[in-house]
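Here come two complexes built around subunit A, the first alongside subunit B, the second alongside subunit C.
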Partner chain A sequence: MLGYILRRIVLAIPVIIGVTIIVFAMVRFLPGDPAKVIAGIAATEEEVETIRHQLGLDRPVWEQYASFMWSLLRLDLGKSMFTGKPVLPQLVETLQNTFVLAVVSMVIAVPVGIVIGIISAIHRGKVIDQVAIVFSLFGVSMPAFWLGLMLILLFAVTLRVLPAGGIGTPSWDLRYIILPALTLAAHLIGVLARMTRSSVLSVLGQDYIRTARAKGATEYLVNYKHALRNAMLPVTTITGLYFGYLLSGTVLTETVFAWPGMGRLLVNAISNRDYPIVQGAVLIYSLIFITVNLIVDILYAYIDPRIRYE
Partner chain B sequence: MISKIKAATIIIIIVVAGVVGGVLYLTQTAPKPEKLVTIVYGSDPGTLDTLQSHSATWTSIFNSVQESLLKIDSEGNIIPSKSLATSYEVSPDGMIYTFKLRKGVKFHDGTPFNASAVVWSFMQRYLNKDVPFPEGAGFANRFDPIKYVEAVDDYTVRFYLKYPYGPLLANLASYRIVIFSPSTYIRAGGPNADVPLIGTGPFKFVEWKLNERVVLERNEEYWGEKPGATRVVIKIVPEATTRLSMLLAGDADVVLAPPPAEIPNLRQNPNFVVADVPSTRGIMVIMNNQWGPFKDARVRQAVNYAIDKEALVKNVLQGLAEVADSWVTPNVFGYISLGKWPYDPAKAKQLLAEAGYPNGFKATFATPSGRYLFDLQVAQAIQAYLRDVGIDVELLVQDWPTFVKHLTAPINETKMQMALTGYGIVVMDADGVLTSYFGGPWVPQGNSLVYYGNEEVKAMIKQAREEPDPKVRLQLYERIMRILWEEQPQALLYFQKNVVVYSKNIKGMVPSNIADTYDITQLDRVGG
Partner chain C sequence: MSVTKSSAALRDRSWGREVIRRLLKHRSAKLGLPILVFFVIIGALAPYLSVYDPIKIDLSEALKPPSAEHILGTDELGRDIATRIMFGARVSLFIGFFAVLIGLAIGAPVGIISGYYGGIVDFALQRATDILLAFPGILLALVLVATLGVGLTNVIIAVGISSVPVYIRLARGQTLYIRELSYVEATRALGLRTPVILFKHVFLNTIDPLIVQSTLQLGTAILTAAGLGFLGLGVEPTIPEWGTMLGTGREYLMSSPHVATFPGLAIFLVVLAFNLLGDALRDAFDPTLAL
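Presenting the complex of A and B:
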């Protein structure tokens, strides 16, 4: 197991290098010149050249890349072309904000989604199942944008119990987190409920369940000890991947709620051609996804003893 | 033994209870600081340095922290009670300006405001080629007329010019030209250093959290009339509907530039006040004066005749603009009314035929999206109007960096044929617009986006700029403006309005008539 983990970590390095090369190149292929955006439409050519030189954009691309990788080794992600402030602290702060939102969304969505899915599966065909299916369909189909605005209209404008957006001080002030977290959770609840339901159903149809029942195991034991554990495999994958997705920041929800997270930061940076932020953010995303995938794979081994990594 | 349903219910109850409990616990509101005003705006400042900022709105907000040297009225006279410089004298040849400074003013860091601070601000920042000043082209190419600035004594400053420069006072009064505290920069390493925002203004800078908010607090030692508000928080909320929700929910007191569709409702709502003023942001169709059909003035005139500007303002812009009747607005020195350019598609077709294009022609038309009010919709409407007279335009909807690149290519490389863009007059003197767009060099060296070619007019613009006598300047501007209005190197369509909506408890929220700027120096909250 340890060997497996170490191998995965080592293999992650070429992946990361590949990602940096692709991002570095891609962002420079976009039409538009950050020096001109910073200088503005009214600037003289001299001004633009001065800025271009200050940003190091007049050097050959491979040299810029080498310099970027060299700084990376010293954990320096450079400075934003727009604010001049160092990239890493900015990314860390927005990541923290996104992290808080992601965690709260998961805390709400995972238990609720899984439980709804299980109940649906166990009482398949009955009214409670139908209701749950409609409910989860709703969650999956409602655009985050619309749901977010509806929640704001209801809780902030009409009922006036929660703020309409922004982030509180300190950043884990629940009043500001709850509405965006609910918006994000709605989708995950829908997905998890459906996923869990079908997973549990397929497991319940297996031979070993019939055997367990034949052996005289109680319904409770059958459902929770045998079925659930086996059904959790695909659910864990989804949950892990979704957490990675939430951590990369969900731009629409962050925009609607004015939540200063990674998604918004990255989209603005791409718009402005702020190369260092785009590079730094994508690098962090890849690290997040690689880590999350690794954790999910390890959890597999615990959930299903048949899975062993040599 | 617990049944599955009960177990499930228990889990759900625990989660919900936990969340609700947390919310209730944290919903106990702390007592608010006295007189807090919350403003919401859609984008982040990007920088605190006025020399680097492209945002007129943020620069004007920060003008409450860092002040300009002068405040002038619409005739160009200094208002001594509101100015850091209380009076001035000009030498007879117009080349030396001497200003007397107000005594007893301190910067927020405690250092004194005096002649050496003014000298340093100009010599080390505005006139210093090592300090980038992208918007500097709008200030006579970063104050080219100024030879140097010196301190005569602690409270007297002298500006020596290379040649007479009529718009000097207007430039020094611009909200973008402010006086810095030299010690903050010197301590931090030089005029390019990253320093906190220190000035002489009625508000002090407290903090800027990127993409989140800017916080200001009242300067209790301000030399002039202090605002009523003790703390101003400007929250950065990108989504227009959310900004509005915050206003309706009471989370925000002021919304800058509210979504136009909501304005009629807001006007009806007795809890809010909608203030709109005509601003200096002019929107125009630029045409490459050196390309094909646009070399002929008749074709350019036809473009303007083809567009129904009143309809655009009423239907697309929802009344938030005014059709242009001159190159500048009435509050700008040099304004004369030239008459609105009429909507006459028949005349347009006639002119096109005379110019040799009876069947029209094709052209590309670049437009940004989301940069100016309803820019994309206006471009689409213009496309339809032009099609009616035979001009077949292909819309190129570009994101801002691409658009900037498209518009600022040199003449031998440019693909720009037509585009929708705008200008914001920042200095209340016609010279700014005229030199920038017509008298000065072509892009990318200068800012003439249309590659303007009339050398005679260019010479006149230069003459008007270097003329110290305001009466002579006005006569020159009248001639210049009439010729340009006839020639239509670009079709100036309308000037946008500055709109702000605020709660009835707020006073002193002033949308100024300079494009996208707001004056918060008298912000106050009464009641609520």
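Presenting the complex of A and C:
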């Protein structure tokens, strides 16, 4: 097991280096002269030169990358081109809000999605199954940004029971998180319901289920003890892997609800051409994603020992 | 049958007819196909179906709610929303189609080569894929648009590249399985050139899952492109694109909710149609998988 964990971690290193190269290259590959692009059209030649020097664009590429990596290792992500404030504290602050949103969505989506999938599978072909199939397909097809706006229209504008956006002051007011969390959860509910349904159905077709039935186990026992436990393995993996997608989904949801998270910060930074913030946010998203995947892989190998020997 | 003929050609025309017959009988396709045909028709015939201009500004007509004159109302610049949705169908389907084509054209060959050769080639290509996969969901498209800049071409490139890793994984997985089958071994024993083996005997046998994935991917691509548009990072502002329309409509949500509602509904329906069709195709290609 320890060998497997070490191997997984070693495999993650080139990926992390690759991610830093892409994030580094983002600014280098701005069309035309990056310094000019960042400075804006109105900038004087001197201002462009200053930015060129600040970004180190007057030095050879490898030297630039080396100094980029050296800064990263010292957790120095540079300063916002707009406010001049250091990037990292802003990212940490907004990431907390993003994290809360993502976790609350997960807490809603996982039980709801799995229960819908199980009910659907057990009542295969019946009306309740059809309804569940349509419902989960709506979930995966629904543009989150549209669903969010429609929820605002219904609950904030028409019924006036929930706030349309923001995070509430001074501390977290739970009413503010309901709509963004539901919006973000919708897709995952759909994915999990579909996944759980097909997983349970494929397990129900296995020989050991027939054996369980043959030896006289009750329908309840067959469904919930024999089938469910085995069907949950792939579902667990998907749930874990999906956390990264949930994080990237916050980009859209946060923009809809003016939720002060890292996704909204990233979108604003892209519009403002505030590249240090863009680089920092993208880097943090990927590192979280890589870490979560690593943990899921290791947990999976722990649950299912066959994986370790592949 | 000569071995140089594609092994996929074993499926004659009646097999193709059988797939189509199963597809048309499938409940999901019965719902998805008409929706899709509807949007293809309104997109193709947009200039003939509407008397309004999708771009021309007329502020005296701004933010009119749905009426007999403008069935879906007008937007903040007085443009007929129904007309813009019709022209937008062209834009979204165009973006989706070319983005998926980019993903397929890069991803499938890379995946097949990776799976077929194995070893160091596979290792290197898979780590490269891992790097792309480390930017989940809309994030890779965002990174690319932030670098390349906005605009129709860049949106297509960004959405296309973000679908590349999906195809690499799929084609590789299929190839790993096919590579071990005896007919591929036979082609090697007969001394066929590798490109011939890879194309005729490996690629053509991965085509079913690739078609299914591409159908689903069309929905994903349209959703991602619309997301970029919604964030103000999509196509040029003059182009009627559903996501961009929704993004500007958001500003008028309180007073004129119709501006954001209808473009969003269009996105939802088209994505739903591709998802339904993808599910139906999967079952039609392989009825034993149907659950």
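Here, the second predicted complex is superposed on the first by the 265 of 310 C-alpha atoms of A that agree within 3 Å, B and C clash if a C-alpha of one lies under 4 Å from a C-alpha of the other, contacts with A are read in each partner's own complex, and residues count from 1 in each chain.
Assume a residue touches a chain if its C-beta (ideal position, glycine included) is under 8 Å from a C-beta of that chain, and two chains touch if they have at least 3 such contacts.
Everything numeric here is computed off the predicted structure, so don't read it as measured data.
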item	value
Partner chain in contact with A:29 - subunit B first, subunit C second, else both or neither	second
Touched partner set for A:70, first subunit B, second subunit C, both or neither	neither
Partner chain in contact with A:256 - subunit B first, subunit C second, else both or neither	both
Contact breadth on subunit A, by residue count: subunit C or subunit B	B
Which of subunit B and subunit C A:208 touches, first, second, both or neither	neither
Partner chain in contact with A:140 - subunit B first, subunit C second, else both or neither	second
Partner chain in contact with A:198 - subunit B first, subunit C second, else both or neither	second
Which of subunit B and subunit C A:271 touches, first, second, both or neither	both
Contacts of A:153 with subunit B and subunit C, given as first, second, both or neither	both
Where subunit A meets both subunit C and subunit B, residue numbers	30-31, 149, 152-153, 157, 255-256, 271
Subunit A contact footprint on subunit C (complex, rising order)	127-128, 130-131, 134-139, 142-143, 145-149, 219, 223, 226-227, 230-233, 243, 246-247, 249-250, 253-254, 257, 260-261, 264-265, 267-268, 271-272, 275-276, 279, 291
Complex contact set, residues of subunit B against subunit A	1, 3-5, 8, 11-12, 15, 19, 22-23, 26-27, 44, 46-47, 52, 54, 132-138, 141, 194, 209-213, 235-239, 241-242, 245-246, 248-252, 399-402, 404-405, 407-408, 421, 436, 441, 444-447, 449
Residue ranges of subunit A touching subunit B (in the complex, touch as defined)	30-34, 36-48, 50-51, 54, 82-85, 90, 93-94, 107-108, 111-112, 115-116, 118-119, 122, 149, 152-153, 156-157, 160-167, 173-175, 178, 218, 220, 223-224, 255-258, 260, 264-265, 268, 271-273
Subunit A residues within the subunit C interface of the complex	11, 14-15, 18-19, 22-23, 26-27, 29-31, 124, 137-138, 140-146, 149-150, 152-153, 157, 197-198, 201-202, 244-245, 247-249, 251-252, 255-256, 266-267, 270-271, 278, 282, 285-286, 289-290
